[in-house]
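Labels for the chains are A, B, C and D, by order of writing; each one numbers its residues from 1.
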């Protein structure tokens, strides 16, 4: 027995020594990404942000790392880990990291931060700074990356309304949280706009802005739920579905591909490319180019052009958009294409607005 | 040539030498009784013979040939069949299924051929006078019939050597008669039988020869004609044993337990206690006789609060206790020696001292508020262990490591040391050695003489007769009769146990008497 | 024996419960329903289905609910007065009335596809049923396997990787089944050979499976989706003629391989358990292993085989999640189905047919929940999502009477 | 059938040190074995090592060195991440002694502080599961109870304004305990009254708790603004921290240790604990002796739930101070491993929690420095459970003799 303990303590000492002297300090520009609970492979914003970091690694020669958060208390800890490693730019993903990012940024003014789906100031009257909210003014070393996703989803809704044969389109989310529901709101608004323009009565299943509730899978994992949701929507007569639930949506794509009864609209990335196996049923995708935004942030940080504040990505600058029609290019009528383009232009020049803009 | 020969069988368990070079022979067509008290090693020996245990030494010869028996299949192949003390029947299956299990004939190459087996069972039934319905579920059969199923199982496998392990333990005297008749038929038809028991009279009645085991050793083989019960008993126990329980006449006083119109359902919703009324007085022993499974267990459960009663009243010392909690009932001065001491009486993985206070741990002086007083508990346990002759190196030892007798003494010590008015003792000596039986019997009588009312439930008629002042016989949830113990014969009780109440009760032998304990 | 108490227990209380249900139907649903509004229930799975199309069922909402409430109260009164023999029928009546009125209330002024819901009930029930069958087959031999969830997760992953790598779904199916068998063999080895507490071993398998599949997923599957995690799925097979039957056709005979295999397994296992020597031995080992042992049956062997076969069934269940449903693996995608399967097993009284039937109840609850979300009932979606779990708990508390497990269930067998 | 009296072994209170070594041996070896297997997985999945092994016969030393490097980097960073960088600590000490400035030293203790912060909910949750085991109840629902407890304490923490801390803080803690207790008592009651097995029911309660918290965070408990999180708790409800930011070690840790002592005292020094242990080891005998199984089952599940609730409470009041979706890192599930590892003894649980706290906390650095997915910890946990639950494996692996088998019943089968 003693031998085993002796061996164990030897191992401990050995590895301590090894790592203590083996710490290689490279001078490369370091980028660290802290994910929220979805983890790096959520096929949603964490993954998309990481894609941006990876691109930056390839093209800008920075070194990138990520840390996955498993619980709420990991946020601060993971940020601290990167701070300890003298990371130059820390990218935090998701509004849940809002307060911890602000705290760390204020305490470490030399380090640059970028936060996805959030921005400062984020306080409301009566809120306690550093507790209820991160900061009541802009933080010089934090860049908030926000997205007017509803604008793109609006176009997708308009397109779907124009493409449906059954007169019903559908959407569902993973959980009832703002970054999800903003897609659903925009989608519904687009359909309504179409109805208003055309005097039609295309129905949206799965979301009701008035009730602020709709259909949710309850998770971002169970692709089988995505399958069953799609089946149910099809049974109720919908033929185009916008799933806003990360990989759950791929289950819907699978069932559409299998039955040929429905089409899906991808979210975040262009599913025609990222989920190529389902490209036959991907009508278009609501693009939320987090990767581009993160890449821009890294680039600016490295160039020295980094400035705190908010970078809001809108339809105008292409930070949100709908993807090309790809295989459906021939199936979408020229008229509808033109109308979508017109709506896009109207959104850009501000003559048309979407309700339910991501609140700050 | 003997059909079966065991030579020098030795088997040791941790801490115990269960069989020490035992040899015996079984001749063709005879009934050999294997006699010994509990713990003498009879069952171990037979389990070795049946391939359930592996012997450390020794060999088994079947019809002169060395038999390699490693598992029951080998024994079955050698023509050995065993009827276990605890029936090896699956209650939720039919007789047919139980019989065919292990050697199932199939039809269409795949499916069970139940009809074929049922036919064969009927044949065997007729041939040996073993009446049973092949399609009945075992759980619905009375114990005597279940035993017949066990015998059929053995015969179905074409065994010619039958081992019966304590087959009479659960039968009424009349059923025992019936069993003996069956055994004689079997022997006539060429079967050989080993009959395991600790009951002297049965041995005298049925055996051709008797091999006596004691402390894991064979102490000799004798012929019944040359023996009498006293001689056999001293052979079996190894010393002179007093075969009687000395007791003075009871002096019953006021009523302690009063049960009126009691109805109880068991967990499955069957009405198992059906309109029972009786009382037990302070200073008397009321014995409840009856074949197991006639509602005795549930009656005790309802008296001790473990099973709700449907209707009726139970009073202890004038206070109603029906459908109150076990704790409330214990606090009324009721002590309970449960039927299954390991399952219900003790926490085997607790040390002795914790078991000693299992019902009183929350009372002063063992607890102050919610805080246990360890010193008090230890001191009291040590005192009790001494007083009640619990043989153990210390009270820190886990109860599970003690012998059955010592375990039972812990329970006795715990229950008797409380101030009690009523003692309910279920099968208090089941499976114990003679010394412990004597000890416990004397303690029960002592308690009676102190003025405690005693309700004794036992399936051993002899125990009932030895200890009781009055005897109630339970059959199918009802009391067939309550009779004074002094004026009753075993045969009469047997009839009552079978649910028959003869018109004219046999004349009571007059005067005070003591009754033999058949060991 | 008829005592007063037995009257109270067997007749009065259920009768009151039924009448209260009837009143609840009235209070909850009828009052909140507009007169002259109808509820439309679709009776065709879709226009493209092979089945012969039949007209939709249109129910005048308020009248319908009134009728159901009255029927319920009537049955309650009848129960109190005369007594209804079959508990099953009683619960059936009450459950049907309640669910039907709920549906009519939720659908008032709208429509929803009834046959579609039944069809997805079956599909949703499939993994639950497979988990339940796994439980039945191992618990009949007295081995509790609570690691079904983890077994399915590992098999699901193994299926998709092997199917993607080999470009053959059947390879994936076989690998999934083997993986399930392997995990179960490990469980069996732990609990039979080492006498590890059966539930503890199962929980360990679940934790390990969650970690291992997530580890592999993040290390390999996510980075090389096309290499490892893109298998495609088994197509829907319509059985000729049978699939043309209205209602039943699309529900039962337009399904994928795994669903058909499940239905087949239910029948096969039922026959094996109750009509073959192996089944007899299995049940004997589960009820009274010592008795089986004394008859020369190798208790350990029977247990090993049953647990491993059970694991293989769970493996098939795992395959459903990936190659049977969506063609890809995602972390913790089994989402508690294994545990619901265990509840279905208990509710189904350890019978294959019973387990399947109760799985259907869970499948029904689940797809009903989805439909309710789509219909936009005022109940928040989070609460609708709780429905399957709440139903599981209600079922477990044994409203239908307590099920008795095999007598030796969960106990290790000590051969002397 | 009793054989000859077995001579009890002379084992009056063995010397304490020997007992402790006995008790620690199996868990220690189980953890060691888990880490070794973890190391093997790290090597297998390490690309450098894999390439080196591809050329094993060409250059075996390179392969071994690559393996060593992979494991040493991983576990080395794990250690530094758990306890701190020895260089920084020594440096900090130097500054402390030379200038009296303790800030550097304290800052170097950050990893240790994080380890204890992570250990805090582990201690509570581990105690929760261990207490259940002592009564023969397997509480798999610690996670759900933790959710409810956390939400309850957060609610009290933010909604009551203007109270002095000595009223507000105890109230918030109490609310957390009550919330968890309620969530634990429900399956406890169902178990006691209907026999519905607590394993399945607590798992179902977990799911219900998750959905309920989704709804609460999105509705009634939502802070102003758009995020589904609660408002920050009032300062008066905070568990004070010992040091300035970023060190988050706080009074919660002390509370956890007190709770451990409390559970020890309750279990072994009081009549309540006597009942709990009796019920756990032999419920039949307990019932015969007048103990109420129903009351004890509900009580233990409620206490167990309360401890789980406190796990979340300590975290929210001491560390996070607000609650957002999915705030727990699965403490409730890891707790099962902790209770097993600690042999269901409060002291053992504390040690196990410290170990797992350091593992989890160090895993962050391991993830960053060595790129090992954090899931490896789950794999190691699953393995540790198996090894602890099956001491026979450890005995066999390390050729040990005479390890006392432990006497905790832990959990029973269905309906028993």
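Going forward, a contact is a pair of C-beta atoms (placed from the backbone, for glycine too) under 8 Å apart; a residue touches a chain by one contact, two chains touch by 3 or more.
Every value quoted in this text rests on a predicted model; they were computed, and no experiment measured them.
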Winner on C-beta contact pairs when A-D is weighed against B-C: A-D
Chain centre separation (chain C, chain D; CA means) in Å: 33
Cα-centroid distance, chain B relative to chain C, in whole angstrom: 45
Computed distance of Cα centres, chain B from chain A, in Å: 74
Contacts with 2+ other chains: residues of chain D: 211, 214, 218, 373
Residues of chain B touching at least two other chains: none
Numbers and ranges of chain A residues touching at least 2 other chains: 176, 218
Chain-chain contacts as defined at top: A-C, A-D, B-C, B-D, C-D
Residues of chain C that touch chain A when the two form their complex: 42, 45-46, 48, 111-113, 115-117, 119-120, 123-124, 127, 217-218, 222, 226, 230, 232-233, 235-236, 321, 325-328, 330-335, 366-367, 370-371, 373-374, 376, 378, 380-382, 385
Chain A - residues contacting chain C, complex: 39-41, 47, 170, 172, 176, 205-206, 208, 211, 213-216, 218-219, 221-229, 231-237, 247, 250-251, 254-255, 258-259, 261, 276-277
Contact set on chain C toward chain B in their complex: 1, 3-6, 271, 275-277, 280-281, 283-284, 287-288, 290-297, 407, 416
Interfacial residue positions of chain B with respect to chain C in the complex: 47, 50, 52-53, 71-73, 76, 82, 84, 88-93, 97, 100-104, 106, 110-112, 153, 263, 271, 274, 310-311
For the chain A and chain D complex, residues of the former touching the latter: 1, 4-5, 8, 11-12, 14-16, 18-20, 22, 32, 37, 65, 67-68, 70-74, 76-78, 80-82, 84-85, 95-96, 98-99, 103, 107, 122, 124, 127-128, 131-133, 175-178, 218, 358-360
